[in-house]
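Got a structure here, written out as structure tokens. Questions coming.
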Amino acid sequence: MTSFPAPPSGLIDGTVHRFAVRAYIEDTDLSGVVYHANYLRWFERARSDFVRLRGIDQRGANESGLGAFAVVDLTIRYAVPARLDDAILIETRCADLRAASCRMHQKALRDDGILLSEANFRVGFVSPDGRPRRMPDGWHAAFAHIVPEGS
Amino acid sequence: MTSFPAPPSGLIDGTVHRFAVRAYIEDTDLSGVVYHANYLRWFERARSDFVRLRGIDQRGANESGLGAFAVVDLTIRYAVPARLDDAILIETRCADLRAASCRMHQKALRDDGILLSEANFRVGFVSPDGRPRRMPDGWHAAFAHIVPEGS
Amino acid sequence: MTSFPAPPSGLIDGTVHRFAVRAYIEDTDLSGVVYHANYLRWFERARSDFVRLRGIDQRGANESGLGAFAVVDLTIRYAVPARLDDAILIETRCADLRAASCRMHQKALRDDGILLSEANFRVGFVSPDGRPRRMPDGWHAAFAHIVPEGS
Amino acid sequence: MTSFPAPPSGLIDGTVHRFAVRAYIEDTDLSGVVYHANYLRWFERARSDFVRLRGIDQRGANESGLGAFAVVDLTIRYAVPARLDDAILIETRCADLRAASCRMHQKALRDDGILLSEANFRVGFVSPDGRPRRMPDGWHAAFAHIVPEGS
């Protein structure tokens, strides 16, 4: 019988989510390091797993026509380039929870602790026609658990 | 005989570069609009063609071991989502030219003039080992032509 | 006033569609050439523009819940690698039209005529729940115009 | 102190490598399922981890100018579409080992055992200028361990 290892979803430690990724050939470009836009894909994987672990069902919300998260704005700073085979930790923290959006701070750290990149996303809930919409109550409550007080 | 249409490289109008892209299925995600990270790929295409039209040979610099551009930081704001088949104009302007880097402002506009997204990149020249390096003289001169005075 | 150059959609010459793309940094990997999976993105752009030029509205079909094209199977052979800044022509031809699917042959040629890659896709129409479905009549008629007799 | 979970590399069971991935928003397209080209990225991750676990250092070979693997050809069949949040197992088996290349069979299975896609790649070793080259002796020996006799 085939065993089915589960893909990793990261771990929530208090209000921080930690998630591991590896740099593959698909992530690199001809300069030999990870292409700048691909960090955004890593950060999205971590955010998606963070909220999924807190009970937020993005697939269900999409399939039922409820809505989806959309990135409203982001800033990202690149400190040290990631290279093929690097083992990388993505740390995610939430802040500034509002009715329809939340801010998420993310860092990419190499496994020797070196900071590769840090980013700051505002993520908002939008209806299928693209308008900002209050998050479902359960989603807001899920975020409230992971936004430190006073942040 | 097969004719070979050239791919578009956009046009430089004074200090502005204008470049057209279309939103394809590859660019979209399950929410039905273009995935946020894919705007960064469009913006990179426009920046690469802008500097190529000004005589900067990124491929040659890479193959000869001279170095490459790297994104140092960026901010991006998403206003209106792009949808499949949208015809989109990318406008690129340069500012704040330094010895090793330049800032580039970019907008994505739908063909009815609606602003979809705007972004601001600091792009630096780096040696193959990843350290900031003065741009080759010819490259700096090429940028000097497209950075408005006083910017 | 800003001029809005249209993105290129390629040209139909009888039953062949010709479409130009350029290799950008986003397309490359650390080996210095275009990453193998990215040819599939180029081929999809060409197929999408080919059928759009023939009046097939993929976005409308998706938004109205009619269905979408899905790749059923594909083969691809890589002959010569594409490099940064290469100007590439994608040629697309259709064959073997059926009620719910069509086969599409595609080639990527460098602007000096060298064959980079060739591929063969079976593309089927599927309902939103993923089942094969007869193409809309107008779509089938559109394909009938671009499938050579006896193919 | 921050703990650093390692990213998963999959497990080798005899001559089979098993590797788990999850479908994220980045993988999907507007039809609500995973975009066809993105399976190739998953398959590459699995192949890269398989050979890395067997001691093959792709990054070192690239950085030292020894060469790299390149996909020579591939076929892929799509049976059932993957959807957001699906947990997917990638199984990889090698066959037909030659001096400069190897064939790799790969399957993507959903965690309920349903086959999503299967593919067959010929992967060859190439010098930095793109010519087929005998694999390093140690690499060939590593493959010899994972190619079943008579395959």
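Just so it is clear, A, B, C and D label the chains in written order, and each chain counts residues from 1 on its own.
What we mean here is this: a contact is a pair of C-beta atoms (placed from the backbone, for glycine too) under 8 Å apart; a residue touches a chain by one contact, two chains touch by 3 or more.
From a predicted model like this one, the values you see are computed outputs, not experimental measurements.
By number of C-beta pairs in contact, A-D leads when A-D and A-C are compared. When you average the Cα atoms of each chain and compare centres, the chain farthest from subunit D turns out to be B. The distance from the centre of subunit A to the centre of subunit D, each centre being the mean of the chain's C-alpha atoms, comes to 25 Å. One simple way to say how far apart two chains are is to compare their mean CA positions; for subunit A and subunit C this gives 32 Å.
Subunit B has residues 25-26, 30-33, 37, 41, 44, 62, 84 in contact with two or more other chains.
The touching residues of subunit B, counted against subunit D in their complex, run 25-26, 28-33, 35, 37, 84.
On the side of subunit D, the complex with subunit C involves touching residues 30-33, 36-38, 40-41, 44, 62, 68, 70-78, 80-81, 126, 128, 130. Every residue of subunit B that touches subunit C in the complex is listed here, in rising order: 2-11, 18-22, 24-26, 32, 41, 44-45, 48-49, 52, 58-59, 62-63, 83-85, 87-89, 91, 109, 111, 113.
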